[in-house]
Structure formats: C-alpha cells, structure tokens
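Residue numbering begins at 1 within each chain, and the chains themselves are lettered A, B and C in the order written.
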Amino acid sequence: MAMKTKLSLAIFLFFLLALLCSNLAIAIGREETDPELKTCIHQCKQQRQYDEEDKGICMDKCEDYHRMKQEREKRQHQHQREHEHQHEREHEHEEDENPYVFEDRDFETKIDTDDGRVMALNMFDQKSKLLRNFENYGLTILEAKGHAFVSPHHFDSEVIFFNVKGRGIIGLVMEDKTERFNLEAGDIMRVPAGTPMYLVNRDENEKLFVAALHMPPSSASAPVNLEAFFGPAGRDPESVLTAFSSKVLQAAFKSPKGKLESFLDEQNKGRIFKIQKEDLSGLAPKKSIWPFGGQFKNPFNIFSNNPAFSNQFGSLFEVGPSEITSGLDGLNLMLTFANITKGSMSTIYYNTNANKIALVIDGEGEFEMACPHMSSSSSHSKQRRSSSTSYQKINARLRPGTVFVVPAGHPFVTIASKNNNLKIVCFEVNAQRNKKLAFAGKNNIVSALDKTAKKLAFDKSAEKVDEIFKRDEEFFFPYDVEDESKEEHGRADE
Amino acid sequence: MAMKTKLSLAIFLFFLLALLCSNLAIAIGREETDPELKTCIHQCKQQRQYDEEDKGICMDKCEDYHRMKQEREKRQHQHQREHEHQHEREHEHEEDENPYVFEDRDFETKIDTDDGRVMALNMFDQKSKLLRNFENYGLTILEAKGHAFVSPHHFDSEVIFFNVKGRGIIGLVMEDKTERFNLEAGDIMRVPAGTPMYLVNRDENEKLFVAALHMPPSSASAPVNLEAFFGPAGRDPESVLTAFSSKVLQAAFKSPKGKLESFLDEQNKGRIFKIQKEDLSGLAPKKSIWPFGGQFKNPFNIFSNNPAFSNQFGSLFEVGPSEITSGLDGLNLMLTFANITKGSMSTIYYNTNANKIALVIDGEGEFEMACPHMSSSSSHSKQRRSSSTSYQKINARLRPGTVFVVPAGHPFVTIASKNNNLKIVCFEVNAQRNKKLAFAGKNNIVSALDKTAKKLAFDKSAEKVDEIFKRDEEFFFPYDVEDESKEEHGRADE
Amino acid sequence: MAMKTKLSLAIFLFFLLALLCSNLAIAIGREETDPELKTCIHQCKQQRQYDEEDKGICMDKCEDYHRMKQEREKRQHQHQREHEHQHEREHEHEEDENPYVFEDRDFETKIDTDDGRVMALNMFDQKSKLLRNFENYGLTILEAKGHAFVSPHHFDSEVIFFNVKGRGIIGLVMEDKTERFNLEAGDIMRVPAGTPMYLVNRDENEKLFVAALHMPPSSASAPVNLEAFFGPAGRDPESVLTAFSSKVLQAAFKSPKGKLESFLDEQNKGRIFKIQKEDLSGLAPKKSIWPFGGQFKNPFNIFSNNPAFSNQFGSLFEVGPSEITSGLDGLNLMLTFANITKGSMSTIYYNTNANKIALVIDGEGEFEMACPHMSSSSSHSKQRRSSSTSYQKINARLRPGTVFVVPAGHPFVTIASKNNNLKIVCFEVNAQRNKKLAFAGKNNIVSALDKTAKKLAFDKSAEKVDEIFKRDEEFFFPYDVEDESKEEHGRADE
C-alpha cells in the first residue's frame, strides 16, 4: 500500500510537470492574438444566417485552423532546415538562400481560372533586411488565353502596366464614361490609383502576358496591397458589393430585398472568362480625334525611342522618368527593356540611384551581382565591433518568369545563353537623377580615373591599367569563354 | 530505507525538472531589455536627492513594476480571449476584433483636470499590418469647460486643428510676439511644427471641443509624438524646464540657485484651468488691419465654400489640399465634413488616393466597409501559395467620439440613425489627386462602363444593368428599409 | 523486482519530460532562419575550390558560429543586466541607458589600416523606438594619416562630407573624367549617390578628419548602407570585381583566364595607404577657368557666411537647405557649426522641424535634453489608459568623437568646460522651414507671450515673468555657477 502511494505520487508529480510544461507551451504559443484569427472570428460573427451555436462552431473552427497553421509552420521550418542541408549538397535548390531572386514558387496565385490567371509578388512580404529598398512595391503578372476578358476591378495602388507579349485592350473608367486603348507588345500604360478597369486579350489564339508594377499612391510610404477590388461579378467569386449588408444594398440601389443579390448571383463565369467575337468588336477602342485623348494618356511604347545602347551584342531601351508623354512623370520611375543577343552579356555596371526590379520575359541566362558581405557583429555588444568589407557573390540562373532585384550601387551582369536571346523588362524605382556607371566597356569608371589615381589604385602604371580596362564596345559584349563544364561542380555556367 | 531513497530520488528529479522548466520561462521572459525599464532605471540615477541606497531602492521598484506589468499583460491576454468568446455570444463588444474602429477606451488620456482633458490616439501604436497607411498620424481631442485655459505648449509634429463645437481663442507665438485668433465651430487652423501656443474656451458655459490631426513635419516618414512640451507651468505637472539641472537654469536665466524653481513651483493650477472674465478680455484677438494678418494664416471655416454634394439626405463639405487660403497646401491633406440627415445614408464609395481618418462628432449610426480578405498562406512556405480573394465585411456602430479609418480604394458607407443627423469630420491624408468614386448614385462607376463591358461583367443586357444601377440622387440617399429586428440576432441595424 | 520496475518507470518519465522541455527550447530557439546564417551557407556554396565535403564542413562552421553568436548574445544580455546595476552604483557607464548619445564603442570599424581608418554609425541599427526619426541616416568618420590615399570607391547613398580638420583632396569620377577639389577645414562637399571617388590627405604630418552624413538617394525612405564598394584594389582587401566569376571577368575585360585576377592580386597595399610626394602633386586640382567648374559644385565652406549668432560666449554658423551654391538644395538638410567659448553655454532651445545629428569635434562639455517620459500603458489593454506627461532628463558628457541626436521639438543645451572651447558640427535633417526657438535669451518664446497669457501661465504678474526671462545676450551665455562638486554624488557637472 505504501508502494502504491509512492507510485501514485510519482504519477501525480509527472502529470504536474507535464501540465507545467504544456502551459508554458501554450503561453508561448499564444503570445499574440494573431490578426488573422481576430479577423476570422469577426467574420464568423457577421454571418447573419448563423445562430449562436453555429457562431460558436464557426469560431472553434477558426481556432482549430489557427492551431493547425501554426503547427504546419513549425513543421515546415524543421523540414526546411533539413532540406537546406540535403539539397545544397545535391544543388537542386540553389536559389533557396538568395533573397534577391524570385521564381514561380515565390509568387502567390491571386486568380486562377480556365481562361487566365494572375500571379503576385509583394516585396513587403520578403523578410530580408537587404530588401528594405523594395518593400513598398509589388508585381502582378496576368496571363490571359485567347479572347479572355478580365472583369472590371480597381486597385488601391498606382499601377504601371507593361504589355510583355500579345495584343490586348484596356478599358479605364472615368466617372461617366470608359476610355479604351489597344495594347501592343512593349506598350507602357499608367493607371492612376483607384481607377476601375478591365482588360481583354483581343487575339483568338495567342496568349496575352501583362506585367504590372504596383506602388503606393501620392508619395505615400507604405506597403502595397495587391488584392484587386472586383466591382461587378457574382458570388463565386465575390463582388465587393457582397461585403455590404442586404439593407445597405436595398437602400443604395433602390431595389427590393434580395433583388441585387439574385442579380449578382447569376454571374458565375468567374473573374477571367472567354468572350465571343461579337463582344470583342464592341470593345474595340474608338478612334480619338484629338491627339491628347481623354483623361488618360495613351499607352507609350518602350520601343518608340532610340535605344540608349545598341550593338550586335544587345540593345537597351529606356523610358522615363522625365518623359512627359509616357505618363510616368511624377512617379520617379524608369522602365527599361534589355535584349541581350545569344552568347552575349551586359557589362558589369550599377545604377547610382535607382533600385531595379527585373522580370525575365524570354530566353535563358545567368545573373551575377556583388553585394557587400554582412558584418557579423552584434548590435547588442558594447565593444567596438570590427568588420572587413568583402563582397559576396550572388548568382542565379535566369529563365522566363524569373524576377530579380538589384539595389542601387550594386554592380551586376546578365548573360544570355548560347541558344537564345535573353529579354528582360525592368521597373527602376527612385530613378530621378539615375546614371548607369560601368566597370567595363567604352565609358568605364576605371578608365575615367586620372592618371595618378589609376597608378596608385592598382600599383601599376596608368598604361597597364588602360590596357586591361579600355575597350571599344559599349554596354554589351560577346560572352566568349572556353567551356569548362568538366572542371565545374555545383553550377554549370552554360 | 531503499524506498525512502527512491522517494527522495523521485522528488529530486521532480525539482530538477521544475527548475529546468522555470529557467526556460525566465529565459524567455527576459529576452529583451525592455526600453521602458531602461528609461526608468536611467531616471532613477538622475534624482539628485537620492543617495546610493535610495537609487538602489528606486531601481528595484522599476524592476518590480516591470515584472508586474508583464504579468498583468499576460493575464489580460488570457482574460481577453475568454471575454472574446463570451461577449461575442452576448454581442456586447462587437468592435473588439475590428482594427479599423476606435472607441473611447482606445484613447490614451494625456491630460485630465477639473476644467478639461486631452485624449490621444496614436495610429503607430496600432499593431495591425492593415493600418500601415496610417502609422505616421495621430489624433488628439481637447475638451475644455467654460473659460478653461490650456497653458502654453508646443508639439514636435505639424498640427491641424478643427473646432468641432464651441467658441475658442488660439494664441500662436512667434519669436517676439503672439498672434491670437477666434475659433468658431467648423474652423480649421494649421499650426506649424514646434509653434508655442495656448487655447482658451471663451464661452462661459458651453464646452469647447477641438480635434487635431498630428503629422510628421517636413515630409518626414516617422511616427508622431503626441506628447506636448509644456513650457511654463509649474512642478505638478512639470514644466519642460524642470528637466534641466539647477546649474543650467541658473546660468540660462541669470538667477540665483533655486529662484527659478521656486518661481515655477508656485504655479500649481495644472495644465488646463479656469480663468476669470477679466483675463479673457485680455486674450481677445486684435483686429487685423491687413487681410493677410501676421505670420500665420487665419482660421479657415470648412463651411465657407459650397458643399461638394448636397441634397435633402445629406451634405459634404471639403477643404484642400490645393486651397491656398486654408493653409493646408503642402500638407497633402483634405478635410471633409459630412452631415447625413437622419434616416439617410452616404453612397457606397471609395477614395482613389486618400486615406481617411474619420471622427464622429454628433448623432448615431452605422459604418460598413469592404476589405479584401487576408490570404492564409505563409510566406515561409516555398510552394506556390494560392488564395481566392473574397471581401470581408467590416462594420461598426457609430456614436460621438468613435474614430474609424478607411484606407484608399476600400468602398464603405455611413448610415445615420432614424432619430438624429450623423455628423462626421474627416482628415483625408495623401489627398493629392484624390477622387471619390461611387458604386451607387447619379455618377457611379458601373453605369460608366461601356455597353459591352456591362453586358460581359454581369452576364445581362446593358439595359438590365442600368435598371439596377441608374439613379437620380447623388451621394446621399434615403435609408428606407423594412425593420427586420425580430428576425435579427446578434446585431440590430437601427 | 516490482521496485525496479517503479524506478525504471520514474526514470523513463523523467527522460520523457526532459525531452519535452528541451524540444520546447529547441523549437523556440529555431523560430527564424537567421538571414546571416542563410547568407553564410550561400557563401559556402559559392566557393569553387571546395568539393562537397568541404562545403559540408563550411556549412557546419556557419552553424557553429551562429550558435556561438546566439549564446554570446544571451550571455551578454545577462552580463549587461548585472553590469547595469553594478556600474550604475559606481557611475562609470552612465550613458549605457541613454539612447540619444553614442561613443567610440558604438561605432563599427569599417576600415582599419596603418595609415587610416573609417568608423561608421548606422542609425538604423539602433533599436530604440525613440530614434525612428533618424533611422534612414548614417555617419562615417575618416581618419587619414599624413599623405594617406583612400582607394577609389563608391557608396549607394547620398554622401555629404564635412572636413573637420586637416587639408585634403577629393577626386570625383564622371563617366569619362575625374574632377579634383581641395578640401579645407570647414568645407562641405556633396557627393551624389553612386559617384566613384577617392580622398587624399595632402598634408605630410597633420591628420585629416572627415565626417560624412549618409542619406538615401532620390527621396527614398529606407535604411542606408554604409559599406563602400571598392572598385580597384586587390584581393586583400577585395575589389568588388572579385565577386564576379572568372568567366565574366574574362569576357568583360577581354583578358585570358586569370590575367585580371593576377593583375588585381598584385595590389596589396590595402584600402588606405601612404603615397609619395611626387604622386601627391599629380593629384593637385587643376585651376578651373569657369567659376561653375564641371559636373560637381565646388566645396562650400561653412565659415563663408556670417554666423547666425555670435557673441563673446560663442558663435553658430549655418549652411542650407536653400543655399543654392552649397549643393545642399533638394536634400532638405542644413549643416551647423557651433563654437562655444570655454566656460559658456548655448541657450535652452529646440528645432521646430529639424532632427539634429551632432558630432563633437573638439573640447569637452555637457549635454542636457528634455524628453517626454514614456507612458507606461500597454496597447493590449482595452481599458482607458492614463498617463501624466513628465519630462525626463537626458544628459551626457561630451568629448571629441561623441555623437548625440536631438529630435525636433526637444529642448536641449550644450555647455563648454572651463578649460576648452567646445566645437560641434551638426547635420540637421528635415530642415525645411526649420526655426530655432529658445526659452532663454534675447528672443525667447516666453517673453513673446502676450501679457495676459504670461500672467495666467505662471500665476504671476507679467512684469515678474519678464524679470526672470528677459535678458540681453542672445543664444550664447556665460556658464558661471558655483562649483558644488563636494555636494554632488553620481555626476560631476564640470
């Protein structure tokens, strides 16, 4: 009996400790009331058709989902760490640790229908300290099949569209009428924040690809929201109007209870759907009598002006930020389009002011960038911290859909593969007063040093320095190097 | 004896584990040196009259207070979670999960005297990611009883005052003189950052209510500080001069040790106190001969211009941002005043650029807003994340003192109760190029779609769409819907 | 046997619990994949000469280092807390809790050679909420011995140099040539973001001290990067060119494999090194025929204009932000230089708009500032929070190299010691429309109050107030107070 007591005591102590430790876990896990959880609970309360019991069930589901999500995140963390070691040795996920490059898997699918989809990349969601320059920007990419129509919607950000490929129509709504414009490949169209709009692929077969940069309106400094507000449309997916109570809808639209809801209910084609040829002709833009059009500036084609640089190895087209007719004035933004001939490369250069967001639209290639290596000192330490700046090599393979970012001041190169031209469109933000300064090529910053400085910097005669750095080609060069694939492990360059 | 040993062993193991777990708790709890704690300790050191032992006691009190505060926060978290479930079913604290609406309890009391008080709401303290657009702004609300005088002070933010109700005088100090202005209900007064000022309620009986928006000076992007710097005044509460050492005060004011301190000591009326009628006449503004006054622009009344919209159901007055005489130029700010007739509503509309901070000053009503539902994907996941945008219904009851915020692009409505007009004053920031676009009413964005787009968007003929969306009234409508209170649980709409 | 079973059971339970608790610890500790760790692992992968085994070892070292760093940080935290109590009573580390003052130990050493060094202070690394106004700025300080040459480099931030002491030459590179300017003590030189440059100390014996403010280019709002990109230079330390692959270098510079690397390898003099007199004459600036020079504005000396304030107790020189010839226009920046006579003080004053970053360059003294005391309310609490604003005394000793910051609106004083003049150079950011408003001296904001307000504010006759506040000297006063060192514990004022 005494022994039973001791066993009971031991078991009791065990449970006490287990309780203590799990309370600890609970206390840590519940550190913050997750805003998502708050919203989910709030949403449950809004459901009119639920009685109190249903609301309780709904809220419990919120809690369960929340708990599951947290556990999933923890598991993913552990898996990720295991994967990182394993795959690095198998060099399959090379870019996993590269915060400057984004692939398909980094994009979020906002819309996905049979006739088209929209992918989004919000720079604010990227946690790395290194990307602070980019945090108020976002990219969305629309892919629309033949004759696909994107239902009217608006964004709360400024949107700058670039027609990558295909032939489209964009309709923009003013308070009392709609203006429509044809979009050709290379067209840039600025849409002011909040403007209701729709898009159509006016080709029957060829896909329409449009890339858009989103930035905060009126010089605000805040992250962009990449969710569109769809006005019309139905209940699945929802129209923004369904967020309002039945009474508000009745009163706002002078319609009996439920009439607007049934009206909206009947549209069930989704947000992107194929339309008939007859409807397409109804959407053709009117010829504008006045060259200045209506409220909105016409699309501006990036290939209208002469390229900034062009030779047999590549060409670079630029628009803005001071190009008045482009509509980009006041946005502190420049768009560039680089077409690097196969087997060629851009020079090693950097932007003095602009931060570059680049989207590869065709071909394959390589990207290399120099980044100052992060110091290893802790800011908590009160001793003098020391670091010797070295430069980290950032590199990645490029393929259509790859997005990479280059902060101001950072030198980089892009190289086209042997087989295809490499085409990249770039949104360069903070572009005012920007200059592109190169280390190699006709006007390079080393050759521009005065004679004495050259000699001192390299510890060689100025002539020897010029021998290395002087060259005739400007900005684009042939990339002709011996194939060394047998010597290389871990990464094949070509 | 062997059994006693085993028991001891079990007990020993138990204590070892308890120690392990509690050390874990301590390690987690002490993760960061709380800046508040640091400041409290620093403050202790500054007290001249304390000897070493007193300083030690002072610092221990800081630690105790800090520990108590952390425990209180943990308990509040647990209580809050319990309350949320309980009160949701009793629908008493509906707005608890709503990050867009602020009530009395969300304000911090900055000054509280018998003759007046100042309440403050700093948007930067609101943790929600959804409010990033607002984080550099703050609101203060002054409530002053008859003939109350607010002692001279300055803010380090730009301040835009709006006289909600009552009759006041504001005095603004230049380097060598003070300019005084009468403030009437509806007056807007901009006070540049750092300007020393005072306020008076010049009515004997009626309270003076003044609301103020605070924003960072000179286009800085940083949170505002809502603490005022009180220059004169005494020791309880303190003058900012008491923060300086006795020697500095002696040298700065050429006065013997302690003279300035005694001088300051004798004012013990607090920061807001009642003054005599004779003094009030001494504060009456002088008549200005020149219409342009002195350094400061005169107050600008929001009702001076014709309303932007007005019918029997409501009216909307607007000022700025380009209204030169208002003094708001350069601030990218617009002020609006909406007076919604009882039993009426505003249309469903959104601001294209501006972020709205609204303060309800009279009447009761409802507020509904559509917000894109937050995606549930984790940014740690490397798989493609998917989300289908749906719209969340945000709603709240409105009463005098309620503050709600509406980010750009988000459609919303406000509805007045059956019994009283609803009056709301709004500070609309980032207002440059802003337009108000409505879904319902005379000029709505759906009717403005072209015929084909209407048909495609709704899957109905354009005529049927117009039937629903066309209406004569602009911006304000009657809110005449059947009373369904018997069917409703959880929330009564009127 | 039954007892053995029980013992085993107890031991088994014990290990189960220990496992539970330690898993908890591991889960907490691994909450985030540290970006530093990610970069370190990425760097390992880049090393061409490593085979798979070496890469594995490299990555393990990263993990070890990371773990050690975390443990070191935890230990430092604990040590810091112990030190804080101990040293406060010994008053040796007074400024430890002062977030507004930075000493030598707060700087990071970026370059350290026999002939010179560069120290850096990045305001973004300072965790305190109170310093949000400063987070996008950084300071670097160059100290170059006689005839030292700083190798060509560029920054990705706007840089505003101030020559504190000594005689230098700065060379700035345009696309095709270099412009050189002499730098004298007091010269201000703005270098646009991304401009390649070098510096020389043209004196043989006297050290050259240059202080630089770094700010984001083109009105961006992001933290600055204080790492320079060194173009030329060798392998130790590295040239930014070494971050690119061998193939890229071959193709960019049309040079056989390894030729550029050997070329770069041979410079091993470091980033700052002593040069010969003959080379120095090669770097002397050419006489410019046109007064407007080339691309860059000439240095502007802070002493060229008359001082803003000057008497026998001190003088204050100011430049910008509207001074066109200074080159500071468009940067919203003002530079000031204060020379406080020994035994004198500045007045108690504040900037209405500007945030001040001050560097002490000569002499010793004191600094006092008033800061509103942080409220102790928690934002999680849903009850009305209450706080009574009091003012915290911030003070510190000043010596050459001390940096202190003063946010807009905060009153402060600086006092020179009895023995030496105190010289401080300040970078005042957000300086547009800034005014300096004083509490004491000829034009003070209290004397500027109207008669009635004075009387009400102090509860004394206006004449008595004027007696205290009126004084003839403007801005600088004698600091003549009795020495009370015998009565003082904890802090000696002089």
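Here is the rule we use: contacts are C-beta pairs under 8 Å (C-beta built on N, C-alpha and C of every residue); 3 or more make two chains touch, one makes a residue touch a chain.
According to UniProt, the chain labels map to these proteins: A, B, C = Putative rmlC-like jelly roll protein.
These figures come from a predicted structure and were not determined experimentally.
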{"item": "Overall pattern in which the protein chains touch one another (line/ring/star/complete/other)", "value": "complete"}
{"item": "Homomeric contact chain A-chain B: same or different residue positions, threshold half", "value": "different"}
{"item": "Rotation in the CA alignment of chain B with chain C, degrees, nearest 5", "value": "120"}
{"item": "Separation of chain A from chain B, taking each centre as the mean of its C-alpha atoms, in whole Å", "value": "33"}
{"item": "Junction residues of chain C, two or more chains touched", "value": "3, 6, 10, 17, 21, 24, 28, 77, 80, 127, 221"}
{"item": "Touching residues (chain side chain A, partner chain C) in the complex", "value": "3, 6-7, 10, 14, 17-18, 21, 24-25, 28, 74, 77-78, 80-81, 84-85, 88-89, 91, 94, 97-99, 127-130, 132-133, 135, 221, 332, 345, 347-348, 350-355, 368-395, 407-411, 413, 415, 430-435, 437, 439-441, 443, 445-460, 464, 468-469, 471, 477-482, 484, 488-490, 493"}
{"item": "Parts of chain B lying in touch with chain C, wherever the complex brings them together", "value": "2-3, 6, 9-10, 13, 17, 20-21, 24, 27-28, 30, 33, 35-36, 38-39, 41-43, 45-46, 48, 51-52, 55-56, 59, 65, 69, 72-73, 76-77, 80, 96, 104-112, 125-127, 149, 151-152, 154-157, 171, 173-178, 180, 192-196, 198, 216-223, 225, 227-234, 237-245, 247-248, 250-255, 257, 259-260, 263-264, 266-269, 275, 279, 282-283"}
